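Quick one: structure below, then a few questions.
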């Protein structure tokens, strides 16, 4: 049995529909446990004080912001090569979720840095890269909205996603260069990869899991919606045509 | 109940507040869209069935 | 290929072709800046490289939607797609035509406007060089954006939204090259990156542009 069987919209919906409520429930549970644990039960950091608690929102959302785009890239490639509509619709479905993740990452990142930088926004390389990613999400969503024919929209947005991915990576290096000079290493940026002590680490993992589950659940739900909308369009188109033929 | 957040209280609480708000808004909007699509689809499918029978 | 290039150049250079418009816009934006930030010479010198680059970038943006729009509307783009010339080559030619009618004049005009912003004397060479290296990238990236949006009636604004984020790396390295030149620092890294982006863009984006055109011509 190959995974491509699920490319059939009906089969996709039939398979994922029963799983969906469990995914949401699990995501909510993990989110609750993770955030409550992180917020109430962890100590303050020596340097950052209580702002370290922001890590439980910033790191997972930042991870998902990037992974969402990556998932869109894979889905776009699958669409271009194998023409599976579920893939194209899944990419479309994931974009707003990724965009919200990016917004959360930006807001929490800026707030987290405020005590250290003294301003509500600093053009830190990491934050700036996420700002650029936000622009890419906006452009991608805008292109989907602008084009009437669904297959044309799927094709063009897929190409945009691929080109955008290349430029996103390029921009990351350019922004690092722009802020610090290449190979100099960031002195001001929030070092998320600093070795996080165990007491912080486990609730962080739970929160990351929560965000991943939430992302998957939302994308599946939104893909269902896109599939239904597509079916509505097809049925209404056929009805119009039949009406014209009858009359 | 809320731990002593010290001088960073506003920062931390606003970070949590805005993030949770955004997540709730996203889930709510997705759910609403899903429900409305499902309702529309059943209406359109019902109409197609009627036309087939009638 | 040459015939297409000459045809597009002729179209771009005649009245209404947008040739002078880009230059005029460049001038206007540069003139506007001191009104916005104040006439203090030291401030202007500091921001001149960035302003000149941003203004040139925006001016290049202006004429992007014309790259394919006219041909699309009158059907010549469809003819081009069926001609023996591969669509990828046509995209390169279109980008080149855009550069010759827009990017190149902007590059040559930039030093003239640099003095309005009190650009440091050492920076002039790097201004010319970085724009010469970078504006072709702006043209080919813009061509890709134009190919994506050619079918849309009011695609201009969407085109800007799609293309401007793609311009950011070129802008970063271009402006940085001029700034470093102004301060007498080594400019090799940004210049090399700039050349790399332009070369890479010309190697890859024609394929993406052709794919987008084919989709829009269906």
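Going in written order, the chains are labelled A, B and C, and every chain counts its residues from 1.
One rule holds for everything that comes next: a residue touches a chain if its C-beta (ideal position, glycine included) is under 8 Å from a C-beta of that chain, and two chains touch if they have at least 3 such contacts.
This structure is a prediction, so every number in the text was calculated from the model and none was measured.
With chains as nodes and touching pairs as edges, the resulting graph is an open line.
Taking the mean of C-alpha positions as each chain's centre, the chain lying farthest from the centre of chain A is C. When C-beta pairs in contact are tallied for each pair of chains, A-B comes out on top. Here A is the chain whose Cα centre lies closest to the centre of all protein Cα atoms. Look at where the CA atoms of chain B average out and do the same for chain C: the two points lie 41 Å apart. We define each chain's centre as the mean of its Cα atoms; on that basis chain A and chain C are separated by 31 Å.
One inter-chain figure worth recording: chain A and chain B are separated by 16 Å, centre to centre, where each centre is the mean of the chain's CA atoms. Those residues of chain A that touch chain B in the complex are listed here as 35, 39-40, 44, 49-51, 53-54, 57-58, 61, 96-97, 100, 103-104, 107-108, 111-112, 114-115, 214, 218, 221-222, 224-225, 228-229, 231-232, 235-236, 238-239, 242.
Considering their complex, residues 132, 135-136, 138-139, 142-143, 146-147, 152, 155-156, 159-160, 162-164, 166-167, 170-171, 173-175, 177-178, 182 of chain A touch chain C. The touching residues of chain C, counted against chain A in their complex, run 144, 148-149, 151-152, 155, 158, 161-162, 164-166, 168-169, 172-173, 176, 189-190, 193, 197, 204-205, 208, 211-212, 215-216, 218. Listed in rising order, the residues of chain B touching chain A in the complex are 1, 3-9, 11-12, 14-16, 18-19, 22-23, 25-27, 30-31, 33-34, 37-38, 40-41, 44-45, 47-48, 51.
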